[in-house]
Amino acid sequence: MIHKDGKGFSNKILNLDPRILWVILIVGFVYTLLSPLGLPIKIDKYTLDYYNFIESLPPGSIAVVQCDIESASYSAQLPIAQDLFQHLFNKKIKVIQIALHRADSQVNFERLMKTIDKGDAVYGEDWVNIGFVEGKETAMAAFAADLTWPQKDAYGNLLENLPLFKEAKTMNDIDLICSSAGDYWLSNLRQWSTPYGQKPMVVNSGGAQLPDVYPYYPTPVKGIMNGIIGAAQYEKLQQRPGLALALQDGLSFVGAFLIVIIVITNIVQISTRYKEGKKL
Amino acid sequence: MEIFSGVVNDRVIGLWVAAILTFFIFTYIVRIKQNIFFKFAESTIVGAALGYTVVLVMAKNIDGLIITQAVKGNFLIVIPVILGLLLYFRFAPNYQYLARIPVAIIGSVGIGVGARAALDAQIVKQMIAVSTLKLSADMFKNVNNIIILLCGIFTVIYFFFTLKPTLHRKIIPITTTAQYILFIYFGAKFGGTIFGRAVLLLGRLQFLLFDWLGIG
Amino acid sequence: MSTILRRQVPLAIASIIILIVFLEYYIAYAPLKTLSSAIQQWAIICATLAVGVGVINAALIKIDKIKKKQPYWYFDAWMLIVFVIFVVTGFMGKTYGEHPIFQWMMQYVYLPVDSTIFALVAFDIVAAFYRSFRVRTGSSIILLVSALIIMLWNMPMVGGLWPGFMPLGSWVLDVPAAGVGRGITIITAIGLVGFSIRELFMKERTVVGVVD
C-alpha cells in the first residue's frame, strides 16, 4: 500500500518533500548558467515566418507595437522585445509603441530602448513611445480609430505635432501590428486587425498560448514567437546571441528534469499498484 | 566583483537592495511561519505599486486625456469628469448608488467593444474557417484538415450546455470524444507553460550570479 | 423612485450604451460613430478616475489597521511610507516618472520583488507536475502523453539534437490542439456575446454593481 508516511523506496519516491526537488532545480539552473553547454537549437516554422515577414516589409513601413514589459515577467519579455525592436530598427521600419496592460511597462520600456541600436532613427519621425494608456480594450479601439487619441507621448509631447502622425492617422495607415503583451494578442486582433481588413500581425506568445493563436495563423497572424524559446531562435536568425540564447540550457535542463520526475514516479506507481494486484 | 570593489554608487547600492529583497521573497519557499522578511518585501511592493499607479496611471492619463483636451477648448470633457467623480460617492454611505452610473458606463463600453469585435473575429471568421474544408492531392493534409474540423465541432458541442447529454443522449459519443480531445489540448497548454515560468526563475538567478555577484 | 434611481437608471444606461457601441461597428453612419467614440472616451476617463477609488480604499484600510494596532501594523505603516515616496518622486522631474530616483526605485526595489514573486511560480509548477502527472485513468494518460510531447518539442536541445521529433510536436499543436483552440475561441466569444445581450435587455445586474 502506498502510505503518505510509509517507509519503503516506493513510498519515499511517491511522497517526496517538494523542497528536495526545488533544491535540485536551483542547483541545476545555477550550473547551466555558469557552465553553458551551448547545445544546438532548431528554428521552428512559426519563428521563421515571423522573421521572414518582417524581412519582407520595405523600409518606411509603419508598425504599431503593443509592448507590455511587465516587471513580473521581465526576464521573459525583455529578450523577446529586444529581438523585435532591434529587427524593426535594422529594417528601418517606423515604430509606434504603446503599453495598455501595466503602467510599469512604461519604465521598463525606457530601459529596453537604451539597449537598442536605433541607427539614424529620429524620435518623432521614425519612432514614438506613447507610454502607458489606461483603458485596456476600449483604449485599443479608440486608439485604432485615431492614433493621436492619447494626446501626449511618454515625454509630454503632443502627438499631433510629431511628424510620424502626419502619415499615420488611423490603423488603416499601419502596415504591421506587433503584439508583445501576453494574452492581449486576442484583443489586438479583435480591435486592430479584424476591423481594418485583417491587418497582418505578428504575435509574441507564451508557450501555453500557441494552441490558441494557431487558429488565426497564417491569416492574419503571419508569425508567432513562442516565448523565450522563440526569442532564442530569433537571435540565431539575426546572428546576434543575446539574453534568450543564454537561457536555453536552463530550459533544456528543467524540461529534462520534469520528464525524469514524471517517468520515475509513474513507473514506481504503476509497478507498486501491479504488485498490489490493483488496476491503474 | 563590483559590489565588493569599494565603489559606492547608485548602481552598487541598487544591486545590494535588489539582491536583499530577492532573498527576502525566496524565504517563502522555506515555509517559515510568520515570515517577516516576506511580509516586509510584500508591503514594499504594495506601496510601490500604489505609488506608481497614482503617477503613471492617474496623473499621466488625466494630463493627456482631460487637461490637454480642456486646453484645446473641448469643454464637453467636463461631463465624463463629473461622471468619473461620481465614483467617489462610494465612500458616502447614503449616496453609494450614484457610483453605479459611471460603473455602468465603464462596464458596458468594455463589454460592448469586446463583444462586437468578438462576434466578427472569433465567431464569424472562425465559422468560415471551420466550414471551409480545403481538400488537396495530399492525403495527409486532407486527413489533418478533417481532424481539425471535427475537433472544433466536437469542442463547440461539448461546451454548448443547452444540449444536455442527460436529455439528448445522441450527443453522448460526441461529448465523450470531445473530453479526450480536450485533454490533448490541456496537455499541450500545460507542456508549454513550464518554460515560461522557469525562465522567470532563471532570470532572477541570472541577476544574482551575473549582476550582483559578477560571476561569469 | 428610489429603486428606479438605484437600479433601473444604471441598467438602462448600460443597455443604451451597449446598443450604440454595437451598432456603430456594423452600421456606417457618421453621427453614430461620433457618438460611440465620445462614449468610449468618456468610459476611459471614468476608468482613469476610478483608479483613485482603489488607491483611497487601500490607504483607508491600512490606516484603520494602523490605528487599531492590529498584528503587523508596522508593515502597513511601511507600505504607506513607500507609497508616499513613490508618489513624491514620481511627480518630480519634467514628465511623470522621469526622475532618476523614481527610475532607480522602480529598477532596484519594485522590479526585483515583483519578478521574484512570479519566479516562485516555477517552484509550484514543479511540485504540481510531480503530484498531478500520475497515470490513473485513460484521460490522464492522454494528458500526460500530450504534455510530454509538447515539453520535448519545446525543449531547445531536443530540436537541435533530435530534429526528427519536431514534426510530431508540430502535428499535436497544428492539428488536434489547434482544432480545440478554434472551438474554444468560438465558444468563449458566444459566451461574451450572450453576456452582452443579457446586459442589453437589462437582465445582467452584476455589471452595474448590483448583487441580488
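Going by the order they are written in, the chains are A, B and C; count residues from 1 in each one.
In this text, a residue touches a chain if its C-beta (ideal position, glycine included) is under 8 Å from a C-beta of that chain, and two chains touch if they have at least 3 such contacts.
This is a predicted model, so every value here is computed, not measured.
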**Request:** Report back the single chain whose CA centre is most distant from the CA centre of chain C.
**Result:** A
**Prompt:** Which chain has the mean of its C-alpha atoms lying nearest to the mean of all protein C-alpha atoms shown?
**Reply:** B
**Request:** Please compute the C-alpha centroid of chain A, do the same for chain B, then give the distance between them in whole Å.
**Result:** 13
**Prompt:** Rounded to the nearest whole Å, what is the centre-to-centre distance of chain B and chain C, using the mean of the C-alpha atoms as each centre?
**Reply:** 4
**Item:** CA centroid of chain A to CA centroid of chain C, Å
**Value:** 17
**Asked** Touching two or more other chains, which residues of chain A qualify?
**Response** 22, 25, 72-75, 104, 106-107, 134, 138, 141, 156, 195, 207, 210-211, 215, 226, 229, 251, 254-255, 258
**Item:** chain B residues counted as touching two or more neighbouring chains
**Value:** 29, 52-53, 56-57, 60-61, 63, 65, 109-110, 113-114, 117-118, 120-122, 126, 129, 185, 188-195, 198, 200-201, 203-204, 207
**Request:** For chain C, write out the residues touching at least two other chains, lowest number first.
**Result:** 25, 40-41, 43-44, 47-48, 51, 97, 106-107, 110-111, 114-115, 117-118, 122-123, 129, 144, 148, 151, 154, 173-174, 177-178, 180-182, 184-185
**Request:** Spell out the residues on chain A that touch chain B in their complex, using ranges where they run on.
**Result:** 19, 22, 25-26, 29-30, 33-34, 72-76, 103-104, 106-107, 131-134, 136-138, 141, 150-152, 156, 158, 186-187, 189-191, 193-195, 206-211, 215, 226-229, 246-247, 250-251, 254-255, 258
**Item:** Residues of chain C that touch chain A when the two form their complex
**Value:** 25, 37, 40-41, 43-44, 47-48, 51, 94-95, 97-98, 103, 106-107, 110-111, 114-115, 117-118, 122-123, 126-127, 129-130, 133-137, 144, 148, 151-152, 154-161, 163, 166, 170, 173-174, 177-178, 180-182, 184-185
**Complete:** Within their complex, chain C touches chain B through residues 5-6, 9-11, 13-15, 17-18, 20-22, 25-26, 38-60, 72, 75-76, 78-87, 90-91, 96-97, 100, 102, 104-123, 125, 129, 138-140, 142-151, 153-154, 171-190, 192-193, 195-196, 199, 207-210
**Message:** Under the stated contact criterion, what part of chain B meets chain A in this complex?
**Reply:** 29-31, 52-53, 56-57, 60-61, 63-65, 68-69, 109-110, 113-114, 117-118, 120-122, 125-126, 129, 185, 188-196, 198-207, 209-210, 215-216
**Item:** Contact footprint of chain C on chain A as seen in their complex
**Value:** 16, 18, 21-22, 25, 39-42, 44-45, 70-75, 104, 106-108, 110-111, 134-135, 138-139, 141-142, 145-146, 149, 154-156, 195, 207, 210-215, 226, 229, 232, 248-249, 251-252, 254-259, 261-262, 265-266, 269-270, 280
